[in-house]
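Structures follow.
There are two complexes below, and they share subunit A, which is joined by subunit B in the first and by subunit C in the second.
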Partner chain A sequence: MKKYLEIAKAYMKAQLIWRSDTLVDVILAVAKILFAWILWSILFEGKEQIAGLGFQAMISYYIISSYLFQLEKSAEISRQMTGMLRNGTFSKYMVIPVQTQGYFVAMEAGKIAFSAGIGFLATFLWFYLFRIPFVHTANIKILLCGSIMVVLGLLFMALLNYFLGILTLKFEEISIFLMIKDNLSAFVTGAVIPLALLPEWMTAGMKFLPFYYVTYLPSMLFIGKCEEEAVTGLIVLSVWCMVFLVLNQVTYEHDRIKYDGAGI
Partner chain B sequence: MKHNLKFISELIKFRLSHIMTFRLGFFAPFFINTSYFLVQLFAFEAIYGHVDSIRGWGHGEILIFIGTFSLIDALNMTICFFGVISLPDKIQTGELDLYLTKPVNPLLRITFEKVDPGAIPLLIFSACIALYGVRESGVNLSYANIIGYLFLVLLMTILYYDMELLIRCFAFFVFSVDNLMKIENTAVDLCLKIPGIAFYGIYKFVFYCVLPYGIIATLPTQAVTGVLSAKGFLFGVAIVCIFTFFALSFWTYGVHRYESASS
Partner chain C sequence: MKIIETENLTKKYKRYKKQEGLAGSIKGLFHRKYEEKIAVDDFDIHVNEGEFVGLIGPNGAGKTTLVKMLTGIIAPTSGRIQVMGFYPNKLEKAFKQQYAVVMGQKSQLFFELTTEDTLRLFKEIYGIPEDEYKRNKDFFVDLFQVQELMNVQVRTLSLGERMKMELIVALLHNPKILFLDEPTIGLDAVAGKQIRTFLKDVNESRGTTILLTSHYMEDIKVLCKRSIVVNHGRKIYDGGTDMLFENYQKSKKMTIYFEHSVEPDVSDDCRVLEKANDKLVLEIPKQNAEKVLESYIGHYPIRDIGIEEQEIGSVVERIYKEV
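Coming up: the complex of A and B.
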């Protein structure tokens, strides 16, 4: 465990080198919130509620979901892995005395730990500067459930991207799948629009998938909505994480022999 | 002019024979862009399904808007996107030397050397969305509206190209343009969700004059629905001229400053 902690610390420190990247990420998150503000202030003209959410709840949702979406940087795992597997530099992860899956999860944790703090400060500043009445739950249990769900959601996305990265061993060229995945994931996690706006049959189907619990449900829990789904959400997401932990291990052990260290 | 056209047709021939080698890669832009615009379409349907109109635009106008944005993006993807996005790499690695030392316009070659027919199905798909929007909005199409729409689509495709080029030309002066490209992607993504008519005050200034993604699909939509004023039309033409001038001047200035790899 100590080894993984050291990896996470190393990557957290490395983030300090890319300060301008962090700053741009924060600016872009703010830009998204600004757009949400413009769009929804027009759509709410003459309306009290849309899909069960008032204007302030909607903006609070966007602020939280933008923050969570900005935290989630695991797409880099699959891109990095596919690049290294193809050009033959993945060997360095195979020879160090840590599990590759653990290494990449720890790397992701380190990066998140850094941007989480910066993003939180920016979000707080945003609320303060624009005097937005933040709609939130006061229920400690729900806050705790939401926080655990955020952690599990980030873990799941890291595991999913690690899995996609391993697929390079099998399919060699996966960049098209990664781009399609990037296009779809923002939508199905609820970062583009609250999933409550979709037809009921669609959201009912999405509840079986893990993406529903990555950004959408935690954001809704934090603004005091969908509280009855909190426990179910934790269970479903935990099951998905366990499935991918095992799947990744099995796939890696099975396919790693195809890697010859000279690139594909 | 004749020489350039012949050169472009040769580039296209080379490109076609090259991409035929990688068949999955041939349709990659189609799959990627289709997934992107289906997501946008779903998002639009979800958002605008809860409201009757936005600043006078009904469901039909919104469909024309998203179809037009998709059409312009597909045109860009087919003609010049893959060429222009490779510019920062060429500058960083010094590969641009090979372009500057050849007896043809380097920008012309970069622009047309990676034509990609894989996005053509998306052009058809986008046109269908726009046509469905026209039917939905109940607009009576006149020849003037259609010609105005097609002309503005062409102009806005040039504007889209200008913006792509301007942003990537910063690679002549800075080590990485990744963050600028992030800003570009976010601006395109956001302007795709909000029609330009929704902007006001400082936002209108920014997305009409500074990062003019706000007018890209808005002006053609207004033209086809017959609500675009002569002033609006002239504004569109002026913006395209100004940005084309900036993009070409910035490119020329960048090339003068370029000192091969590691410059």
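Coming up: the complex of A and C.
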């Protein structure tokens, strides 16, 4: 476990090297809050509620969900793996005593930890300085469920993208799989069509998929909504994580033996 | 004790043979023709613990495929292979703990971080105890004299400095076997020499078995007592490096400076490479070198004479062609 912690630390340190990038991250985090404030102020003019949420709850939801969305950068894993397998540099992970899956998840964790820290700091300062009322649940259990769900969601996305990366061992082109993943994720989280417009059986079915629990549900939980779905969400996400942990291990061990292209 | 052993090791690749043009590409969607390429063919190799072995051969000879199989990166098609008692392609943790690979053109270092950071990471990856880590690090840092570079961002290091760091990272966990692929590629003469001295020291003082793949014959001649020549996937020579070069060193280059301008006789078995008023450069058959030398010393006023071994590239070319 310590080795994976050290891998995460190394990638976190690597992120801290570029001061300009760090500054841009802070500015973006602040700009996002400012933008949300302006946008929702206009939309709420003359209205008490939109989609069941008041102005402050909406701002809180928007900021939390965009913060979580910003943390989810795991698509980089599949892109990086594909590139490395194609140009023959992936073997550097094969010859060291670590599980490649663990290595990539730890790498992602290190990068996320950096973004999470910067984003949290900027958001907290902004809320504090401008006295923006932040709507959140007071239920400790729900807060805990939401936090665990965020971790599991990010882990799931890292595992899914690792799986898509491994597919390079079998397929020449994996961009079609990446596109399917992105579209499915956008559809399930309501980014393509508002979920309210879909038939009930379809939205109920989508709750068995993990994407709903990656950013949407934790954001709702943090502002005190959909609390009855918290446990279901944790169970569904845990099952998906377990499935992909095993699937990745089996697929990697099976496909790497047949793959001759791993360079040296 | 044998640390690397292969018997009838074979690796075949299946290659898609595409027909020419767009029509060929479309046809290839429905009906594909494959050809089999034998990269390593019935290869037997035995390496003893502590040996420094050179693996040489022209591009496409099968050297890299062989090293990939020995390190477990790819699986053999048939034959027997064992490295330190393991079947490499299983990539067991205990196996990976005991070897290291250094590739001249690829890196294990974090370019954004310092070498010290990478070493810390590798300490954890290999589970090296703190005291052993410090001892090893100090030993290698001292050997390479790179104390002042340890806390410098890797990105800013020169190629030679980076290669030294790669070697330190690779050797930190005291591997039993070190696989080296072109470690001196692109390095200047001074850095190349430093790397060679370092490797020689590591092999002698630590007993690390080293398998070196290089196109630089200087590396092979200086470091490896034993050489294995590979061509078309087959082993065509396995024995002493001195013997290999001795056998294929067909001629010598003799440069003679005369006291004044002369018109020297040149025997038929010598080839004139350069001729000036007071200078003559000849390529002479190795076995006649003494006789030719004597004939000039006895007949002409000589200011200086130089005799050089045949240029290494020509020797290697002959080895690849004739063995």
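Assume the second predicted complex is superposed on the first by the 214 of 264 C-alpha atoms of A that agree within 3 Å, B and C clash if a C-alpha of one lies under 4 Å from a C-alpha of the other, contacts with A are read in each partner's own complex, and residues count from 1 in each chain.
Methods note: contacts are C-beta pairs under 8 Å (C-beta built on N, C-alpha and C of every residue); 3 or more make two chains touch, one makes a residue touch a chain.
From a predicted model like this one, the values you see are computed outputs, not experimental measurements.
Asks: Taking the superposition as given, does A:10 touch the first partner, subunit B, the second, subunit C, both, or neither?
Replies: It touches subunit C, and subunit B stays clear.
Asks: Going by the contact rule set out at the top, does A:260 touch subunit B (first), subunit C (second), both, or neither?
Replies: It touches subunit C, and subunit B stays clear.
Asks: Quick one: is A:91 in contact with subunit B, with subunit C, with both, or with neither? Answer first, second, both or neither.
Replies: Second partner only, subunit C.
Asks: Check whether A:198 is in contact with subunit B, with subunit C, with both or with neither, and answer first, second, both or neither.
Replies: So A:198 only meets subunit B here.
Asks: Which residues form the common part of the subunit A surface touched by subunit B and by subunit C?
Replies: none
Asks: Quick check on the complex: what are the subunit A residues that touch subunit B?
Replies: 20-21, 24-25, 27-28, 31-32, 34-35, 38-39, 42-43, 47, 50-51, 173, 176, 179-180, 183-184, 186-187, 192-193, 197-198
Asks: Please give the residue numbers of subunit A that touch subunit C in the complex, ascending.
Replies: Subunit A residues touching subunit C: 2-3, 5-7, 9-10, 13-14, 17-18, 89, 91-92, 94-98, 257, 259-260, 262, 264.
Asks: In their shared complex, at which residues does subunit B touch subunit A?
Replies: It comes out as residues 24-25, 28, 31-32, 35-36, 39, 42-43, 46-47, 49-51, 54-55, 178-179, 182-183, 186-187, 190, 193-194, 198-199, 203.
Asks: Which residues of subunit C touch subunit A once you look at their complex with the stated criterion?
Replies: Residue list for subunit C touching subunit A: 13, 64, 67-68, 71-75, 89, 91, 93, 96-97, 99-101, 103, 106-108, 110, 112-113, 117-118, 120-127, 153, 181.
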